[in-house]
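Letters A, B and C name the chains as they come in the text, with residue numbers starting at 1 for each one.
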Amino acid sequence: MDTARPFFTVVGKLETSMKQKLLFSIGLVISVVILNFFLIRLAPGDPAITLAGQAGGADEETLAHIRQIYGLDKPLFTQFFLYIGKMLTGDLGTSYFYNLPVLDLIRERVFPTLLLVISSLFISVGIGTILGVLAARNPRGLLSYFVTFFSLGGYSVPTFWLGQMLLLAFAWYYPIFPIGGMQGFRVEGFLPQVADIAMHLFLPALSLGLAFMAQYSRVARASMLEVLGSDFIRTARAKGAKESSVLFVHGLRNAILPVITLAGLQLGQVISGAVLVETVFDWPGLGRLAVDSIFRRDYPTVMGILFASAVVVVVINLLTDVVYRWADPRLRTNGGH
Amino acid sequence: MSDPILQVDQLCVDFKTKSGPVRVLNDVSFSLSAGETLGIVGESGCGKSMTSLAVMGLVPKPNGKIVSGSIYYEGEDLVQAPEKRMRQIRGGDISMIFQEPMTSLNPVFSVGKQIGEAVKLHEDVSRKEINERVIDVLTRVGIPDPVKRANDFPHQMSGGMRQRVMIAMALVCKPRIIIADEPTTALDVTVQAQILELMLKLQEEENTAVILISHDMGVISQVSDRVLVMYAGRTIEEGDCVSVVQESAHPYTKGLISCIPDIEHTKNMAFSDRLPVIEGIVPNLITIGDGCAFAPRCTLADDACRNWKTGPVQVAGTHLASCRKIDGSMA
Amino acid sequence: MKPVDTIPKPQSPLREAVVVFFGNWAAAFGLLILMIVIFGSIFGPAIYGVSPQETVNAPFLGPMVDSSSPLGTDYIGRDVLAGILNGGSATIMIGAAAALVAVVIGITIGSLAGYYGGLTDTLLMRFTEFFQVLPALLFVMVLMTLFTPSIQTTVIGIGLVMWPPTARLARAEFMRLKTMDYVRAERAMGARDRRIIWQVILPNAMPPLIAAAALVIGVSILFEAGLSFLGLGDPNIRSWGEMIGSNRDYIFDSPWAVFFPGIAIFLTVLGVSLVGDGLNDAMNPRFRER
């Protein structure tokens, strides 16, 4: 879906202060907690059974235990505060499948997911912007048409299918990359381990990033075309600056701003895509855990992951906002130093 | 008067449009001497900005092209010069100040950095010295507290200050020629006067030649040593300021001069009197043809004028005009 | 090009829209693809006649190895082409239905926010932002597991996460249109808010919304494919996503069973996107790119 167009009108309005953003982010996380709370109780059936998981095969003792810690026989208000209280102390519930606190499970798998998401962001924003900028240099050229087609086609490709096709092509028929997982066996030493993870990371990150790369290249091209028509570009040329400097220093610094904004807004979609990609590539992250837990009816874990992913989105969103404010000085100062 | 440092000869620039190529500059010729101020005046669209862009080698690429003619700068023909040489000249030998100070500076870089870039591009000096030069030139253009201001961003400055920054950027490499394209049009009237004064002062200090482009005849007549009048892409009158303004030869120039509001005259006007105007509108460059471009609007024109391929006619001394009806001439 | 902000007449300039739309070859091409896909989904199963669910041939046959199964068979001998022809209707209908839900919710919320402004607007927009930040797939996955998976839950689930962009667009349109003279005229005549929103402004806001809706359909199809791939869709429906998912373990033995359904999804979404973009250009001169 081409959400780039309506967002062009939204992009200019990113002037809420950092304080407001922070407050809003906290509010968001709390809203997810509230959402979780009500979802469990809205589901058909006994909430205790839902929380126990294991396809309802829990024994009476476990159920009673659950009823007690969640206060399920108490009034709704009390339940709610109990729930918030548990969240604040970091108690996200227990997985009855693993017999472990959900928080521990999540902690183990946060890093791989973050690694995947952030690398795919780098790929999609980085390559997308470069493609868009180069295409803008020659609006009627080959690269420009390529960007147009790519941006439409790239967004129509199902991410998980793309991952599988890349697997087939580059891990099976031409086995350059490993088939799945994050690390190989018996790899010793820091540098070899990093290289090993990088090899495992490449195809998943590419699959996840490609659809967004398509979009960003289109946005970058449009933005760059607009920037290239600006007066200050004319000034730069009049100063005698090299054309490459005009494009990549003067132009790019301005053109990249809408791309960064858009990237921040699409994080939820990236996380969703990560769930699919982790499944395809057997990547040991939160997404894979979520899918597995769903089939095991391990609801506490699933809800915990929903909460954790919302936190991840909010945090990366804040970081993106910081980056954007650094990049555009007009947002930094509020009238003089 | 010294030898001209800039000599433009029969410059023709074409622009590609949907209806075919349009000649936006037609046999433009003029000269500029060291340290002198040349004012180029004319209506919007007459080609004054395009002339300056052509000198700088900045004619908009895909559609515009210098078709014929030459631009001699200190003996070198800029039309033939390779891009690398033009880059050396831009900002270093010949620099330009544009009309809209609000948008002519890059919003994401500090003012000091942008001025410093101009230095870095043309001279091989240390970072420390670049900073010193930046502060120095900011002081000269009259920006208070230059050390602090150098780190400011354009959006933190007023329009007048930004234009001073633009001037600073144009000056910092001590160019021989500065082209100022409507530098004060976008500014408040009080600021206008300040900026003009500043430019004159700096010009005197450095003996820089200035080409001042404006549609405001009043400004031009106050500030220029010599004046060039343009119309529909052609140069139609050239000469020293006093001659052109007080003894205008071309009917268009006469019309322009008479349009300058004169408070004495207006005080004595009756309510139903009208201010002087030049009848008609600027011609469409696509359909203009070869004859005198002003003929359709000229009160003196006859059929021969419409077919006359224009050329400069000497009025007196260095005062030239492209009209065949000038007293004593028979073109 | 039409001047921006011409006061729209109650009937949309349909003729001009149609002309622009078909002049845009990409949109026409997209429409062609869609026609083929829809035609194939409606008539294909009857013409081809092979059952998608039953074992009809030896498993792991490659494409054209046996001419009775032109696209090959999967790991239990089911015909791939049959699966594609039959899966189309499920995939497209779920996608379209979910898009409908999303658009209805979006228009409702967006119109109220845009029309009333003020506190209503702020609250509704925060609400919208919340749904935009929430990782959509995870949320729907949670919904699908708490409430048993079926077509209805899939449609509602997807609709619940797809509405924010439509809401924003509707809000922008309503904010723009409520200042129009004919709205003021209605109010001067004493029309109630409800009438103004639904019968006066909304018909004029439709053009860009229709274009946006087309694009939402595309994303909904992708979403449904992702859900079924994970095994979370209605277990009785063999949509294209489900085909890819169930053949996942055998991808190295029968890659065609995964390849062809994916191509089908890609072409369908591409067609929808091209048509949606074409509609956008035709109906929304403000957003035309140069």
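Methods note: contacts are C-beta pairs under 8 Å (C-beta built on N, C-alpha and C of every residue); 3 or more make two chains touch, one makes a residue touch a chain.
Please read all numbers here as calculations on a predicted model, not as lab measurements.
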Task: If a chain touches chain A and chain B alike, it appears here - done: none
Task: Per-chain CA centroid nearest to the all-protein CA mean - done: A
Task: Two chains sharing the most C-beta contacts - done: A-C
Open item on the list: I'd like to verify one number: the distance from the centre of chain A to the centre of chain B, where each centre is the average of its C-alpha atoms, in whole angstrom.
Closed with: 53
TODO: Starting from the mean Cα coordinates of chain A and chain C, work out the distance between those two points in Å.
DONE: 22
Task: For chain B paired with chain C, centre-to-centre distance based on mean C-alpha positions, whole Å - done: 57
- [ ] Enumerate the contact residues on chain B facing chain A in the complex.
- [x] 56, 58, 86-92, 95-96, 98, 100, 103-110, 117-118, 121-122, 148, 151-153, 155-156, 166, 169
Task: Interface residues, chain A side, partner chain C - complex - done: 1-3, 5-6, 9-10, 24, 27-28, 31-32, 35, 39-40, 42-44, 50, 152-153, 155-162, 164-165, 167-168, 172, 222, 225, 265, 267-269, 271-273, 275-276, 279-280, 290-291, 294-295, 297, 299, 302-303, 305-306, 309-310, 313-314, 317
Open item on the list: Residue numbers of chain C touching chain A in their complex, please.
Closed with: 26, 126, 129-130, 132-139, 141-147, 165, 168-169, 172, 212, 215-216, 218-219, 222, 225-226, 229-232, 241, 244, 248, 251-252, 255, 258-259, 261-262, 265-266, 269-270, 273-274, 276-277, 280, 287, 289-290
TODO: Could you please specify the touching residues of chain A with respect to chain B in the complex?
DONE: 230-232, 234-242, 250, 253-254, 327-330, 333, 335-337
